[in-house]
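Below you'll find the structure, written out as structure tokens, and then a few comments.
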């Protein structure tokens, strides 16, 4: 039971200006599986917790909950590893990183604090979710929480929507990366979905 | 999930644990209970490294009653209910929390059903040698969810096969009173007993 | 049928005759075994012996004649079987593979039993006065008895009655839906002990299902599940008792009163797990708490403890 | 001299026969293909067959034009005997196509000119075309050219319009901004710009050098002051989009 298959996330990221967002949503609605039901809207609160140590590198965990239907959905606790080696490798068309998703009870924030984690930052994510086969597409707006813990007072972070194309699958299934690349091609030129080197962004 | 009471069953002098379990089984069968499978509850203990002060302990427990769930309890008493891949997450924290050697404790045994009652008789074992520590008896009354309502009913039932050794009301149940019983409460009872066993072996 | 019976009689007579024949033959041999006895001279003895032997042999002869006559009278067994032509299945040589005949006999036996029991039940029920159907009142001798209309009341009236009941039982959480058109379904939450689904026809209680507090009462499609039983034995038992109670509290003129008294009775189950049996003073009997509530006093009893 | 010419002729004929045989084989194969595979036949394979045939024909032509080839026009082919009886040798060489070398078939096979009927028709056509004056012909040619030019112009204009429309829709308002992409990804990856306490700074994407490292959690201003920080950030963030109306 504890062994489990390790899961990996294949990720492409990009952004779209708010003014063009409607066009993108329209195109995605046509391309995705949920044509008849329309996209799934979501409002999530994400809290990022960090556990720092003197010798070991810090560990970051993301706790996420749905603000629009707080009682029916469990909290999600997510661990995301660093991107796999070969980010500059042209043969790999997407970013690949290990990821663990755990559904938990609502006391996860208390639990993390008890474990020694500290809240690093939090944000509110509002957007739409599309699916196409195993591919998950989110178009979301990131909001800054002005008063800590208060999800009513929000400020948008930028005038763009974040677009993420991701597949979570057991490791070693590199063919999904090509499928994703093909799907991303269909969204051009509204949005350029690319593998983004997070380390480079961090250094800047 | 009904109200549950987990209690320690003393092994009489001059008898092996196995004999005590068999006697209990015979008595239970005499009341008309039928055997329905087996059960297992296990607990792994993680200790924090030097990077976290003060040092903390985390217990990760699984139960066959909830095969896809993992219970994580901090020494502060916070109990997180999570998906079973929480175990994978713990491995990502190995720089901070490491499993305590030989501290794995497990209770295993047959499961009985009698009308709306479920009785589990388990032998407690610890460490890699799986040495026997004692016997735990779990009695659950499935239709009722309020501990205060059915405690006297539960004791009456326990008296039928445990005789004078029936337990006093466990701390967890007493503090619940008119609250609604949850699976976490059963796990906390097990943890309390496991800790007692550890303490007693530590003293020896 | 008659010739079968006659045949049977002849056969049983023949069996009796055969038994007698065996007796007489036995006597001949036992006499022979014993040899000559009694009498003084040899001549006397042998004469007596011979007389005896002749007598015995005559008896044998007579019985034998009779048997022969009877055997002539036995007619051939007719083909008719009690199970009709399906009885011919017994002639199937591959009986081991298709145990049809055995099953047929078994079901024949069972259907006979059911028939018999149904007969008794009908007899018993005819003596009972618990009749709700308006159809029956037409048949009864008291023709002036008012026709019950409680099954066909306007929806607004039912709404008002239910709203009133809600006020009357503050600890009950009553929600009403009409999933099947006119008929209302009440979903009643009773504290944190149980929940009941009451299907109404007008104000007449049509069906009661009792389930546990945390049990699922909706089907997969989100509709109220009024058919499935509770997964707990306690609530199954209470469902049975509640169904009996609906009959007991039935009132032809004041159906709202009937519903109210029924709910009063149901309300007493808040103490299901805490109360002990009024008779034996214990919580459990056969693993169940006191599931019976007296109709007049609402006192708790075990099913077997009630008067 | 005579002998050399004779040899040359023989060699030339042999070569011709080989080429013609090749041509015949490929025609044969093509016919077979048409007859037996006409249901599954792909146009590409038909095209292949035609290409092969035209290639073979042109090599045959080249061969005839060759210098070494004695001028065949100067030679005469004279049928000496015509017979109504079937000739087995002829039949085998022609693969059963010509069983008899009789007066019926000879004119068809040995013909070097068109049939008289066809010839006369051709003659009428030529005279007809000759009757047309050069001026009239010139006029007609010009008319056709004019028509073609007009059509071309129209098509070109339409395609230009189309292209400019597409490029206008794409070019005038870019749908995404690279700076925003980086800012958003940095925010969701390591909380850049989301942390509650941080020193006030200029816009993130514009002056990245002044951005504090996300790891360095500095003691920021009092929480009450935080909103003002964010406001300035928003304004500067908006000004960093030149495309925004």
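Note that the chains take the letters A, B, C and D in the order they are written out, and that residue 1 is the start of every chain.
Heads up, the rule we're going with is that contacts are C-beta pairs under 8 Å (C-beta built on N, C-alpha and C of every residue); 3 or more make two chains touch, one makes a residue touch a chain.
Listed by chain with UniProt protein names: A = Mediator of RNA polymerase II transcription subunit 18; B = Mediator of RNA polymerase II transcription subunit 20; C = Mediator of RNA polymerase II transcription subunit 27-like; D = Mediator of RNA polymerase II transcription subunit 8.
From a predicted model like this one, the values you see are computed outputs, not experimental measurements.
A.B. asks: Both subunit B and subunit D are touched by which chains?
C.D. replies: A chain counts here if it touches both subunit B and subunit D, which gives A.
A.B. asks: Touching subunit B and subunit C alike: which chains?
C.D. replies: Of all the chains present, none is in contact with both subunit B and subunit C.
A.B. asks: Determine, using the mean of C-alpha atoms as each chain's centre, which chain is farthest from subunit B.
C.D. replies: D
A.B. asks: Quick check for you: compute each chain's CA centroid and the global CA centroid, then name the chain with the smallest gap between them.
C.D. replies: A
A.B. asks: Among the chains in this structure, which pair is joined by the largest number of C-beta pairs in contact?
C.D. replies: A-D
A.B. asks: Measuring centre to centre with CA averages, how many angstrom lie between subunit A and subunit C?
C.D. replies: Chain centroid spacing, subunit A to subunit C, equals 65 Å.
A.B. asks: With centres defined as the mean C-alpha position, give me the subunit A-subunit D separation in Å.
C.D. replies: 47
A.B. asks: Indicate the whole-number Å distance between the mean C-alpha point of subunit C and the mean C-alpha point of subunit D.
C.D. replies: 90
A.B. asks: Just give me the whole-number Å value for how far the CA centre of subunit A lies from that of subunit B.
C.D. replies: Distance between chain centres, rounded to whole Å: 38 Å.
A.B. asks: Touch graph across the chains, line, ring, star, complete or other?
C.D. replies: line
A.B. asks: Where do chains touch, given as pairs?
C.D. replies: A-B, A-D, B-C
A.B. asks: Which of the residues in subunit A come into contact with subunit D in the complex?
C.D. replies: So the residues of subunit A touching subunit D come out as 13-17, 19-20, 23-24, 46, 48, 60, 120-123, 142, 144-148, 155-160, 162, 189-192, 196, 198, 201-202, 204.
A.B. asks: Can you check the complex and tell me which residues of subunit A touch subunit B?
C.D. replies: So the residues of subunit A in touch with subunit B come to 1-2, 4, 6, 51-57, 59, 61, 77, 79, 81, 100-105, 107-108, 110-111, 114-116.
A.B. asks: Using the touch definition from the top, list the residues of subunit B that touch subunit A in their complex.
C.D. replies: 48-52, 56, 58, 62, 67, 72, 74, 76, 78-89, 92-93, 95-97
A.B. asks: Under the definition above, what is the set of subunit B residues touching subunit C in their complex?
C.D. replies: 1, 32, 114-117, 141-146, 149-150, 152-153, 156-157, 160, 180
A.B. asks: Quick one: which bits of subunit D touch subunit A in the complex? Just the residue numbers, please.
C.D. replies: Within the complex, subunit D contacts subunit A at residues 170, 173-177, 180-196, 208, 211, 214, 217, 223, 226-227, 230, 234, 237-238, 241, 243-244.
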